[in-house]
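Shared between the two complexes below is chain A, which has chain B as its partner in the first and chain C in the second.
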Partner chain A sequence: MGDFKLMKGNEAVAEAAIRAGCDGYFGYPITPQSEVIEYLMAQQPEKRTGMVVLQAESETASINMLYGGAGAGKRVMTTSSSPGISLMAEGISYMAGAELPCLLMNVVRGGPGLGTIQPSQCDYFQTVKGGGHGDYRMFVIAPASVQEMSDFVKIGFDMAFKYRNPAMILSDGVIGQMMEKVELFDPIPRRTDAEVIAECPWATTGKTPDRERNIITSLDLDSLKQEEHVMHLKAKYEAMQKEVMFENIMTDDAEYIYVAYGSSARICQKAVDMARAEGIKVGLLRPITLYPFPEAELLRLASQVKGMLAVEMSLGQMVEDVRLAVRGKIKVEHYGRVGGMIHSPSQVLEALKSQIIGG
Partner chain B sequence: MADVTLDVWKDIITPENQVYRRTPVMTMKELSYCPGCGHGTAHRMLAEVIEEMGIQSETIGIAPVGCSVLAYEFLNFDMQQAAHGRAPALATAIKRLWPNRYVFTYQGDGDLAAIGTAETIHACNRGENIVIIFVNNGIYGMTGGQMAPTTLPGMKTSTSPYGREAILMGNPLRITELVAALPGTYYVSRHSVHKPGNVRKLKKAIRIAFENQKENKGVSFIEVVSNCNSGWKMTPVKSNEWMEENMFPFYPLGDIKVDGKLVREL
Partner chain C sequence: MTEEIIIAGFGGQGVLSMGKILAYSGMMQGLEVSWMPSYGPEMRGGTANVIVIISDSRISSPVLTEFDTAIILNQQSLDKFESTVKPGGVLIFDPNGIIKPPTRKDITIYTIDATKKSSDLGLSKIFNMIVLGSYLKVKPVVTDQFIKAGLEKSLPTRHHSLIPENVKAVEIGREFVTSYTV
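Let's look at the complex of A and B:
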């Protein structure tokens, strides 16, 4: 029997962390995601599962706490919003370099700078293309509902450990703050110390006499070896491509499609209904993972539809990947409000008519 | 090389006569430090304490960026290399997630007292149950001898080529006294490795620090005032003399806080 609750997206993530057998959460408050650490502190997960929760002195400290904990084989996690993620950039790069698994969430707000506390999707580039220094990628997954906020915590941890790489839930202020019904998954017990050691033979858990010492580092002063290491990371990112996830909504007979993720996908879904009521054959392709990106599906759709409109609350970031995917076969435009403003379904429908159908 | 199988040696090479041997807690890797640098001796004392306490399999060390970033090449137990300044954050998480392991950081002065000031102060203030070993050579050794927060007034470095001028470049920071003032530190002590007697005192202090951790006492913070003959542009002998004459008056050796109580005015 399901365990149903009415929850905020941020609370669902916090509850899911406890249920996913998370060992440690380290975070620093920032709107619009402070509910995550507030919920955790109120729940006293150290009593429920033995999970450690610590309010760090900064996001810089948080991400480095993750580095330490992940390096010691533990399931660790932090959440933040845009400016905080910028502060974490160095640490994320170090974790990718040292091949450390962790789960991150960015509940995106409008920027640049201090910007606004209102929702936005303007951190796509930062999340999907890098953000920190060096050649690295994260597994990036974008929830469009409170249910997915909960479910993706589990997927995020699984991917992080499968690829020994940071995984990021790219959310936004809408999904983080809104309340919806959520079916909570059954708790997964935290691993015992022996299970951690068995699952992570590479981790710094204490050098027992039966093995060589373990070292967690991203450093290699020998360029040839460093090149080898970066090529090894590349192979991992290539292997990660098979994890791509997307959702087709009414694309079968569509002549035009929206491409949108997260809260924009929810808005586009409404616009699809409105367009269909007017007799326009519109569909929606919702990328669920942003890295890997559903390139093949977009290319396939490009031979079926006349045009695509990428809808995102930004000046146009994901649209670049949509254009790359369709290889110039069809027209791809971008529409989106910025600065914390949220486009309405009718604005999105208007944009499709003016920029794609009539344009 | 003498052939140790020769009969003449057999009465000499006996356990009673042994005065020196390598510790298995250090690897066979040749140290990469400049000849005369204090880092190697500090490593060695740490390794000896870990050997004597029999905690090699329970120890997790952290060395951030600085000349000792390669400490993991020389220390024979599990180690993590941290971003510049962040070792206390790593240590915080590791110790909280593995409370039955011994966790220490090994940090330079640029690392601990400049870029990592926030992590240092907050780990100390929270009273994390860790050991911090702070090697203060008054300079950024690794990057080629730039001014550090600990650089003495008048001292020449590559970014204070005419000498550190306090009014323009700030005053040297006694961060050890600063952390001693925080309730989370239990043991704070300053040492050196330039003479055998001082080396022995450092070893004793490291032992106290790890024993404190065994009893969950909070932060044990040990400063090692050391030389950087390359950065200071002095011979090893000269750098040790200079250190005694200039560094020790500003960074006086000895205990500052013992059993959670200040034993010296800050």
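Let's look at the complex of A and C:
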């Protein structure tokens, strides 16, 4: 038995950051994810690993501190909730343009605007399709348990550095606030200066006589060069496709499937159990990465099942990607509560019956 | 075995910490657990509630709208959650401040006068552990040994001297819970 703890999702992310060898966390509190910075401050990681934890004056400042830290090859991260992520959008776009690795987490709350502090999944478009300006993508991974909140910090940092690109953990108020059993991974030491120089030859670690200056920028006024740069980014995003992760739950003999991520996937899992008890063959396809999206698996399932219901706490965002993936082969509908309301397993089951089976 | 519980009362009664100790105890006993609190402005001076699930298999939804057991500590929570108990389920309530008692006949109802009992014994601070004891009498989902282990794990070391008092409060709850007939 490993080191099991009962933790809130937000606390698990904070502990995982320290254990993943994070060099710096720069954040600004906002419900429902303030436990991240609270936990980090209480842990005093500057004493445990030398990690810097700083409460910035705003989300805009946080993301720009990340730009600076990442430019020096450091493992940096921030977390926020919906309105805070909107404030960071410009900085995220700049980091994608300048090819800077960083780990972000959005513990989504209901919107638009200040909205509500209760859970939602209404930031899928913002996270997966852009958010900031320009042709860029982030590696996006969506935890559905406290265990995954911890594990995905490590994966997120790995992907960010592998692709020199921002990575985002897309969570929500349910997963952030709930407590579950979590097995913490063994701490990874922070990288030494020499390791940073070896792994990040592009970083601004101090020019030596044997190399050219490293320049961290997202600006190139020469359009031909900028086009080359954007095509280089495109190649990275295409290479990222092989990192796709998903989970099949009872899909083998399924006639209908739910497609859901994060807390909605947990709710759908219960609905699957309830439906099976009634003799309805239902399964669940849970996208774990949202970018890349499990298109091939959905297309495969489309030739097996009669219909799919995308369940997300939004007006219907991921459902568009599900429809693109199945190429019109089967009926795909959306169900979801909004504004901070959480759909219940029985509502999700009713929706399947009325919109897909009977519809 | 899967036990789905809602614990609801005023903020400050120890609703969330009772759920936390129960979840910790279940975890120490090797069970799967989840703890999903209400959060936000309603906690400040208003009502607080938490959904605790204890199971011997993987827990699906941490968010539920019907429960095996409801532990109810004020009138507002009784009004809100009596109807959410599954038929054949259990409702435990503290009669303090209850002017409209529960009316359902398809569930089993118990009372624990924990407010009065804890006040009489000068144990107001561990009122919630008396309530927890009453629940464990009705639904012995975790054993004493693991309740103690749960307390040790969930309380900071500086409060470990209070563990015997908490264990005693659980005993009191077990002893004084009574059936309630509608």
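To be clear about the criterion, the second predicted complex is superposed on the first by the 358 of 359 C-alpha atoms of A that agree within 3 Å, B and C clash if a C-alpha of one lies under 4 Å from a C-alpha of the other, contacts with A are read in each partner's own complex, and residues count from 1 in each chain.
As a working rule, a residue touches a chain if its C-beta (ideal position, glycine included) is under 8 Å from a C-beta of that chain, and two chains touch if they have at least 3 such contacts.
Bear in mind that the values here come from a model prediction, so they are computed numbers and not experimental data.
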item: Contacts of A:Gln44 with chain B and chain C, given as first, second, both or neither; value: neither
item: Per-residue touch tally on chain A - higher for chain B or for chain C; value: B
item: Partner chain in contact with A:Ile216 - chain B first, chain C second, else both or neither; value: first
item: Chain B versus chain C as contact partner of A:Leu6, first or second or both or neither; value: second
item: Which superposed partner A:Glu90 touches (first chain B, second chain C, both, neither); value: first
item: Partner chain(s) touched by A:Ser354 [first = chain B, second = chain C, both, neither]; value: neither
item: Common ground on chain A, meaning residues reached by chain C in one complex and by chain B in the other; value: none
item: Touching residues (chain side chain A, partner chain B) in the complex; value: 23-24, 26, 52, 54, 56-58, 60-62, 64-69, 71-72, 74, 76, 90-91, 94, 98, 193, 204-209, 213-219
item: Touch list for chain C against partner chain A, complex; value: 20, 23-24, 27, 32-37, 39-41, 59-66, 153-154
item: Residues of chain B that touch chain A when the two form their complex; value: 56-60, 62, 69-70, 72, 75-83, 86, 89-94, 96-98, 101, 118-119, 122
item: Residues on chain A engaged by chain C in the complex (per definition of touch); value: 4, 6, 31-32, 117-118, 173-174, 177-181, 263, 266-267, 269-273, 342, 344-346
